[in-house]
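Each of the next two complexes has chain A plus one other chain: chain B in the first, chain C in the second.
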Partner chain A sequence: MRQTNPAAPLAAALLLVWCASALAQKSTADGIAEYREMLQDGNPAELFEMKGEELWKQKRGPRNASLERCDLGKGPGVVKGAFVELPRYFADTNKVQDLESRLLTCMQAQQGLDAAKIAATPFGKDEQKNMEGLVAWVSSQSKGMKLALPQGHAKEKQMYEVGKRMFYLRGGPHDFACASCHGADDKRIRLQDLPNLTKAKGAAEGFGSWPAYRVSSGELWSMQRRLNDCFRQQRFPYPGYASDVTVALGVFMGVNGQGGMSTAPAIKR
Partner chain B sequence: MSNKKPLSTLYTVAAVTASLVVLGCASIDTAQSLDAMTQQMVKDSFRDQGIAKVDRLQQDESNAACSAADVSGVALTDAKAQGIEAANLKTVQWPADGKFVGDWKEGEKIAQNGRGMTWTDKPGSANGGNCYNCHQISREEISFGTLGPSLYNYGKLRGISDPNSAEARAIFEYTWGKIWNAKAYNACSGMPRFGHAGILGEAQVRDLVGLLVDPQSPVNR
Partner chain C sequence: MADPMRIRAQAAGDKTTVRVLMAHEMETGLRKDAEGKVIPAWFIQEVTASLNGKPIFTADWGPAVSKNPFLQFVVKGAKAGDKLSVSWKDNRGETRTDEATVS
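Then we have the complex of A and B:
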């Protein structure tokens, strides 16, 4: 029989009350900042990074190939610094692609995996589980670097403009746009601070911190998954994985945050 | 310095050529063509999921005009804004029995509830009002958002002492109308049109008005 200590729940409750009153002395934002700092000491995203690095080098798929020749924009196999320049234009696909869209291209072209099937797989399952590791590792190889999305190609400029239009598109039963929550400084939903994605500081903080490990769900969320859940809460229909509007939004946010620091993979509540 | 003039001429030619190139590119991507490109990408990117269908992306005139104003950074003209407000005011369904003020306790529950109408929600379930996501309402609830103005003391600040007075009735009507269709009073309001969009029903709107105006509601005590 398992012994229970009747004093334990009481002690826990007392501790909770003490913590709550101690926290109440500070502003909510201070408390949350402190909590995040404590979390930084051991970011479980590192486990995903390790898995991602292994996956990058591992021979997989029908072609039994690794991703080590994948061109993320800085040449085949160059990972360091690639993430902060995405999304960008790729000549071989004639498309502007974000990290996940580009990984799909490489997984199909080099490993022979079915990109469309992976795109249709629910988050957190099968190959999408592997995607979590890959985005964690690739983004970690640009951690601390400045966002530097190229805007030289006409299609990169177009995607910025499309992203801007998507950002302000009011729709759904609630008339929400991305801008409803992320278009002004110092706003919150309940107690959750909302970055202003139209300005350099907020865009760098918001865009530059995904992928991230989410403590509340114990999952590693990519930018695609972050956007997907934004659209869910916006009461919009379902955005296709790595679809053009999601890439366009990435360009809009990333260019707005140009020069800000990439902190991905970060840790979130 | 005999070569000075030809060089500057060369620069001028180069500069003119460069600006022509710029102009050429600009004429390819006009605002209209970018709008059309966006529409096509939106069409290709979204799909139905659960109760959230792609027809939700069909903008009505109000949303289309306000989105365009947001993108261009040029606010609507007064005439256009007034037109949108008048059209939205016409959609407000006033209470059939003339009773504007419901049960604030029920209103508080609706204000707390942020659920409903996402692709993970079931069809037919009652929706919440999401009010605390954006507004301070009662003083007891400290977890409130700041996207909308504080509504704490909403009735008190408007001096509702006698709920049966004509002044009080005007405030009830405005409050009802604002919840039913916020764009009747502010063309590009960021607030959902709860009644108009079928998010909340008449009884729920009545209870929310109660939460805001009833002198017994924690909002006003």
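Then we have the complex of A and C:
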């Protein structure tokens, strides 16, 4: 670093890069918590939010329309507070939908984009890249609000039960269920503490912090991508993007975490 | 065209804290892709900041800085309403400049 103008004295510039040695003396969890706190101020998820807001307002697709009339559950175009009430039942599709499956509906209905094609696109490519920005921006508009998933409709209750079954379903070469790792307190994978998704605190921490920016890969992960990777870790077949089973798991986690705070888009190691 | 930066500059007393988030791949040149080919180095080499057009800060960066880097520094004597601009230049010669108003 050199200063071009000594008359304006500057404090040392702070470059936040992973610094393992400074964390060696503390417990790993403390270290990771401190690291997250440091990064909170400069969460690169904000870069995705900026892109997402632009994409929301931009006229795109064969119909040359924006997403500004998209109904995320609180009426056409209402984004603020919508994220903490998802997944929920939508009468027009007669389905319980999470943010991403709802965005697919809007992209197809309003912009004329091919939802099935987007769902089949690998994460981080083409239209899925745009999805990263959109989920970052929409979730940011509910940051700090309390999870309040509606459970009034019969289908919403049914999805909770489906999610619960899926959560406890053991299978695959490891005979794993979601519950194997996320069904008790103080479990971890390597150095990562895992939230207990069956309890209010853990479910709110876990469910309420995605989408998130992952520093290790420099990517923004949506809830769909998070779940997809959980399935991979269980050696389960990959779930379809925005499929019912992923939405059901969202309902199960979100309702368990009811009343907890949404911190998305958060930052992860 | 590179994506925009996010710049915040907040004055408190005579000190102004500047926070900058830059959108950049920051490839080190040491990684390989799925086919085993080296991904060419691509990183920000020079960062400069100026206050009302007057340069106040220069930094030489290298490939050790993370993807989508965050930079924070404190500047003395800036007032609310002042124009703060930040520029970067990478090893491909690409540049990006963004401006923010001190609040």
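Everything that follows uses one rule, which is that the second predicted complex is superposed on the first by the 246 of 269 C-alpha atoms of A that agree within 3 Å, B and C clash if a C-alpha of one lies under 4 Å from a C-alpha of the other, contacts with A are read in each partner's own complex, and residues count from 1 in each chain.
In the analysis below, a residue touches a chain if its C-beta (ideal position, glycine included) is under 8 Å from a C-beta of that chain, and two chains touch if they have at least 3 such contacts.
Predicted model only: the values in this text are computed from it and were never measured.
Asks: Answer with first, second, both or neither: which of chain B and chain C does A:232 touch in the superposed model?
Replies: Only chain B; A:232 stays clear of chain C.
Asks: In the three-chain superposition, say which chain, chain B or chain C, touches more residues of chain A.
Replies: More residues of chain A are touched by B.
Asks: Is A:190 touching the first partner chain B, the second partner chain C, both, or neither of them?
Replies: After superposing on A, A:190 lies in contact with chain B but is clear of chain C.
Asks: Considering only touches as defined above, state whether A:33 meets chain B (first), chain C (second), both or neither.
Replies: Touch partners of A:33: none, neither chain B nor chain C.
Asks: Is A:177 in contact with chain B, with chain C, with both, or with neither (first, second, both, neither)?
Replies: In the superposition, A:177 contacts chain B only.
Asks: Between chain B and chain C, whom does A:116 touch in the aligned arrangement: first, second, both, or neither?
Replies: In the superposition, A:116 contacts neither chain B nor chain C.
Asks: Which partner does A:78 reach: the first (chain B), the second (chain C), both, or neither?
Replies: neither
Asks: Output the chain A positions appearing in both contact lists, the one against chain B and the one against chain C.
Replies: none
Asks: In the complex of these two chains, what residues of chain C are touching chain A?
Replies: Counting only chain C, the residues touching chain A are 3-4, 6, 19, 21, 23, 25, 48, 51, 54-60, 64-77.
Asks: Can you tell me which positions in chain B touch chain A when the two form their complex?
Replies: Residues in contact with chain A: 25, 28-29, 34-35, 37-38, 41-42, 44-49, 52-54, 56-59, 62-63, 66-67, 70-71, 117-120, 130, 132-134, 143-147, 183, 190, 192-193, 197-199.
Asks: For the complex, which residues does chain A have touching chain C?
Replies: Chain A residues touching chain C: 1-5, 8-18, 39, 41-44, 46-47, 50-51, 213, 215, 218.
Asks: Given the complex with chain B, which residues does chain A contribute to the contact?
Replies: Chain A residues touching chain B: 154, 157-158, 161-162, 164-166, 168-177, 179-181, 183, 186-192, 194, 232-233, 235-240, 243-246, 248.
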